[in-house]
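Letters are used for the chains, namely A, B, C, D, E and F, taken in the order the chains are written, and counting of residues starts over at 1 for each.
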């Protein structure tokens, strides 16, 4: 992920989020408070940090005069009670930033923390944990980055940076091999192509069609093991469907290269992060 | 919530989400598939529906020729396996819509479903369940609507449509009463004002300052009951802080008017919703 | 009004205004003039200043190298001939800024000046002067701020930050009390609610419904006095309809708390402000 | 003025104005009212109509299902009490449109009406009344159109569609003739060029430089008459500076071709227009 | 290329182009012409058509009432004098559309026509002609589509939908193999990867690193032939650098799979297309 | 052309171009490369430079920390091999900027170079070379500036900054004179007006109608000479239609004031410009 693309995504997301909180007259309450102040962003529970860029961009948009100093970086493990960042400047600006900035840290650190739990389960197996496209609408770049901060792989960004032949493409084309052929005829010669298969028959068809990456969909561990054997290094093997925290260790031990899990983004509770004003 | 404001929010969110999935050449895979088709949006588990507007707007943006017919409406309870909507038109358009449309339904129905669980726990007590401003950045309007679809209250939208004096305002002003006074001096005579209190002393101060709504922060049930008695109908009583699914019944029984819970949005797993192409 | 919200509004308005004046090749005339220069923004007549933020943002957008130093601030009373600000930098940039910058100062100082005249009329009565939503489309934030600079109240920003039950709501619901009840059922518990009444009967109905703010619409001074007596401190009393400069003193003496006047924005001539280049 | 450009300007202005009134939850009050209704837009005082396009675009943005039928067109003279338009559809949509739609009609009809008064004063003299660039920031296209609806000329739109050599250009170049020469060297051969002069000496210089349009700045009627004689048809003669309603007849009788007046936009009170719901 | 993505790109480009031609008062000349009319878009010289979508979107933006009927489609070969499309509606709208619409057709058909010439030269060899990222800023989607209309391949869209290790990456990493390894460590497992090589030594290094697509940069035909032999089907072979119309036949005969040529977009004269009004 | 307008156009074009190259994860390849570097922008062939502003704005958008120092300015003649600019900073940022920055320089310097060739042909004749509105959609401001950098005239920007009566207007109005009259009735008194004529008869009609600029369309040199004689200094004479590089000298010698040529923008190959990383 390039820094320029990420910072632009963070800035756009921060602007939208601030617009949600500061329409009309802006902060009706905080506007009454003059003078300066300082606050600490503190993790109320242990987890993995993500969202620094969005927090920084939000601060700069609220008030370019705000000073923000992060003591921990994206991807760092946080202990409960640990200080993440210090904010100093106009009191009204800190109050206006508070909820928006914390919402980014809470949601994104939640995703990073959930990812880290999956990654810890797969440790030592050689299997990597990857995100899916089940991301909150409008936050894809930041949530994909959060998965990386948690130790996972971002996978493709959208429908446009790699092709994937799935069950419905196969159904429409009359078979996995026919679908791959049809997609190849349209696809640029440099675009990646992954092929989803439901069983070993389809897997053979996919390999015969020259698939470089295969996705084993909703298979049990035994079938996955058989599939890995059948592939024998000819393709990258990804496993998806039902990759829960409970099953990840078992699935990681099958020899698959990648486990992709919607749960990284769809089942991740927010990390509890707060801003304590110093008095 | 006005229809015009909601539809505009849904359209903007749909456009951003589609931009995330369809940059560059758009759908590299689906573009190879000509002809028409149809699909059913199906709930894979039970829950409460939310996200219809965003799904419809996304469909119209992908392809104005797509036909979308919702069989269930926002706020409806869904059984596992139930058909939510039917989509028909160009196959490539349905494929391009699929993930974006489902991401809205999955996230927002998740929030509605979690809200409905809180509401069910409070049933019969007279206490209402309300959202907070802990919403996913960029989705506030839709997530607040999802809380309403789940039977909850939306609460204030942002910092701009009602004032709330919180602990840090009190600290900065030197007391709850002083803070209320300072905010009142800036606030329009028609804007609502809520005052957060930590104990019964502050509560008396808030009532003396004429607070119409008081927020009891992080109190146990006994203290809340005492506070309700002390208020004696002079103000609306809201309870917040630690309002979990486990505690909601106990807190609802205290006589408080409103329980606001960040968990409606920060702890809600997505509802599992899928699109099955008809073959 | 929060600084962050106001500065964002000023920047957006400045950008739009400059786009109106500088499309195509930009300033066809000024582009021929190289070298630097300086100019003074001067009030040609007495009044109250407003528009500083928009002027500064416009200058920064035209040319970040322009130096702008305001000698007087928003809300200050200006004598005829007084220097408001000094601008220095590239001559072509000063010429490109001139009309756009002055249009902001002229219009907004006009509103501030008209407000100050109303406020002067009401002086000593305890009644405050407030704006309405009759603002120039696209300039609401800046015109509301101008009213504040003139010594007035901004009132609600739009339809979204406080509810107001008016005659047509009452008609649709079958009475003032019924309308209040219906609105309350939808309204968040923290949103402000004002009720407009046409006569003392409706006023009693509104008070019975618990209205915290009542708006007496188009009443004569005697009726207003009777209404104030009837309210007896139970609600904030606002008077609106026909609040002209001629009547404001009489109306302010009735004991009403707030007089809201469309004329602050709909009858305010621009303040005559010019930019004199130094030679 | 081309229809396409005007409609685009009206749509953009309508969107911005609605965003001002309908942020957050939108119309807090009107959302409680279901069902349909109808209303009449009525002129409360006599004047000239302007703003139809913006009203129509605002209605379409609030609710494409709203029916709007204008009974009078831009440029028509309205009697007090006359119906301008009829709006029918969802009651909540009519209420959400009301203030925004009326603000356009009030402001723009105010400009058209003021222009018509100037035009009436100049009637029979052959002099045309023209607008300046003293327009409300963000509304230039619509206010220029309002001047045309009132019978006036729109003049140049901005700094980009015609050049004008003014006093400060002359000062910077060391004389009117030198300034014209310098501007001509940069200006396209097809762009119009007007030259402002303060006295008859400068006028001769301007004519010698081949000016096709001359602007007589702040001259008394006798001097203008002498200038018109001196020009003798070699250039279009525009008069500006102090063109008030009181002086326009006298100035129009001098033989000048065009009188441009900032007052058309800076001194125009809004026309009083209201929306009466039918019950 | 998906239809939805292309239509969105065409609409955005059309809006920007119209803004360039219709600022301020819009069409100063055409606004004087009332009534209806019709015109034919005619190819003044032979070529391949491209730009239909952008023309249609521009027409809809100028005036939704304009009727546009294309008689030939993108990718069709046009004879000199042939009618491409018929436009009917308001005369002023046709005049406002004319130049903008033709600019799209002229530029994009120019690219399609140049591509078709390259493709014709390579006919029978099995080599495909591909575009590069040397596209006019702001028109990439439309120019890539024009290459496809001319019979070519679009190649990757930007830096984001496939990776390419080039000479400077190799230099920075200390060798082609090292660079591939470093990029692979960051790259998603589904993203395509192409490796540029300058000589046969680098080619062996790239193949050893498992490159699926190799780009032979600036090699003569003999070296390319040797490279194709060395690759022996293990990778897709692309040739780039100096792929001119004069050399394309020779290069295509080497056995390379793809020839990518900047000249498709950087050396393509516009196709001469005009709009003839019917009288 | 004003600096402010040009810089704003360059920034907008740069942002759009970067969005085309850096969607999704941004630069998939370059993101793997840490550390700093430097590169030289070098002209691979001789020509005239244009595009500096857009290159600088693109660099600032990619990474505000990039240092860009232009050694040659827009309008300068470049020898083959000459260094145009030096870029230094993060290696990943330089790589992300490379293609976008070069595309601006290549296209715009191509236009400037072609213009300079036309200008050189006309040298000594007194005839100026001018652009038309045949510009690449979205790049008009920058391409018009490139023509000026090449020594040409920019002509009108669009339909809005000067009127031009062409053959179809004449046809619709029933003659050139009638068309001019009709346009004058709508046109502001300060807007420029050019009249296109096909033969000497129409030319007389145009002069009689007071045209200040006449455009001789598609005439041979002898007829142009006769026209120039007939005009006898009463109007600026522009020649257009078939102004190719081959004919420009002959046409320039006719005594016409301006030759406008679509070929400046429609037949200009890109200048070959590259970025060489320093190693």
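Heads up, the rule we're going with is that a residue touches a chain if its C-beta (ideal position, glycine included) is under 8 Å from a C-beta of that chain, and two chains touch if they have at least 3 such contacts.
Fair warning: this is a prediction, and the values are worked out from it, not measured in the lab.
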Intersection of the contact lists for chain B and chain F: A, C, D, E
Turning angle required so that chain B lies on chain E, C-alpha fit (0 to 180°, nearest 5): 120
Remotest chain, chain D as reference, centres from CA atoms: A
Distance between the centres, which are taken as Cα means, of chain D and chain C, whole angstrom: 22
Whole-Å separation of chain centres (CA-atom averages), chain A against chain F: 45
Intercentroid distance (Cα basis), chain E paired with chain C, Å: 53
Set of chain A residues in contact with two or more other chains: 2, 5, 22-28, 30-31, 96, 141, 154, 157-162, 164, 188, 191
Residue numbers on chain C that touch chain A, as the complex places them: 1-6, 8, 141, 144, 154, 157-158, 160-161
Touching residues on chain F, where the partner in the complex is chain E: 13-14, 16-17, 20-33, 35, 37, 54, 91, 95-96, 99-100, 102-104, 106-107, 110, 133-141, 157-166, 168-169, 171-173, 182-183, 185-188, 191, 262, 266-267, 269-270, 277, 279
Residues of chain F that touch chain D when the two form their complex: 2, 5, 128, 130, 153-157, 159-162, 164, 188-194, 212-213, 236, 238, 257-258
Residues of chain C defined as touching chain E within the complex: 23-24
Residue ranges of chain B in contact with chain E within the complex: 18, 22-28, 30-31, 61-63, 90, 92-93, 96
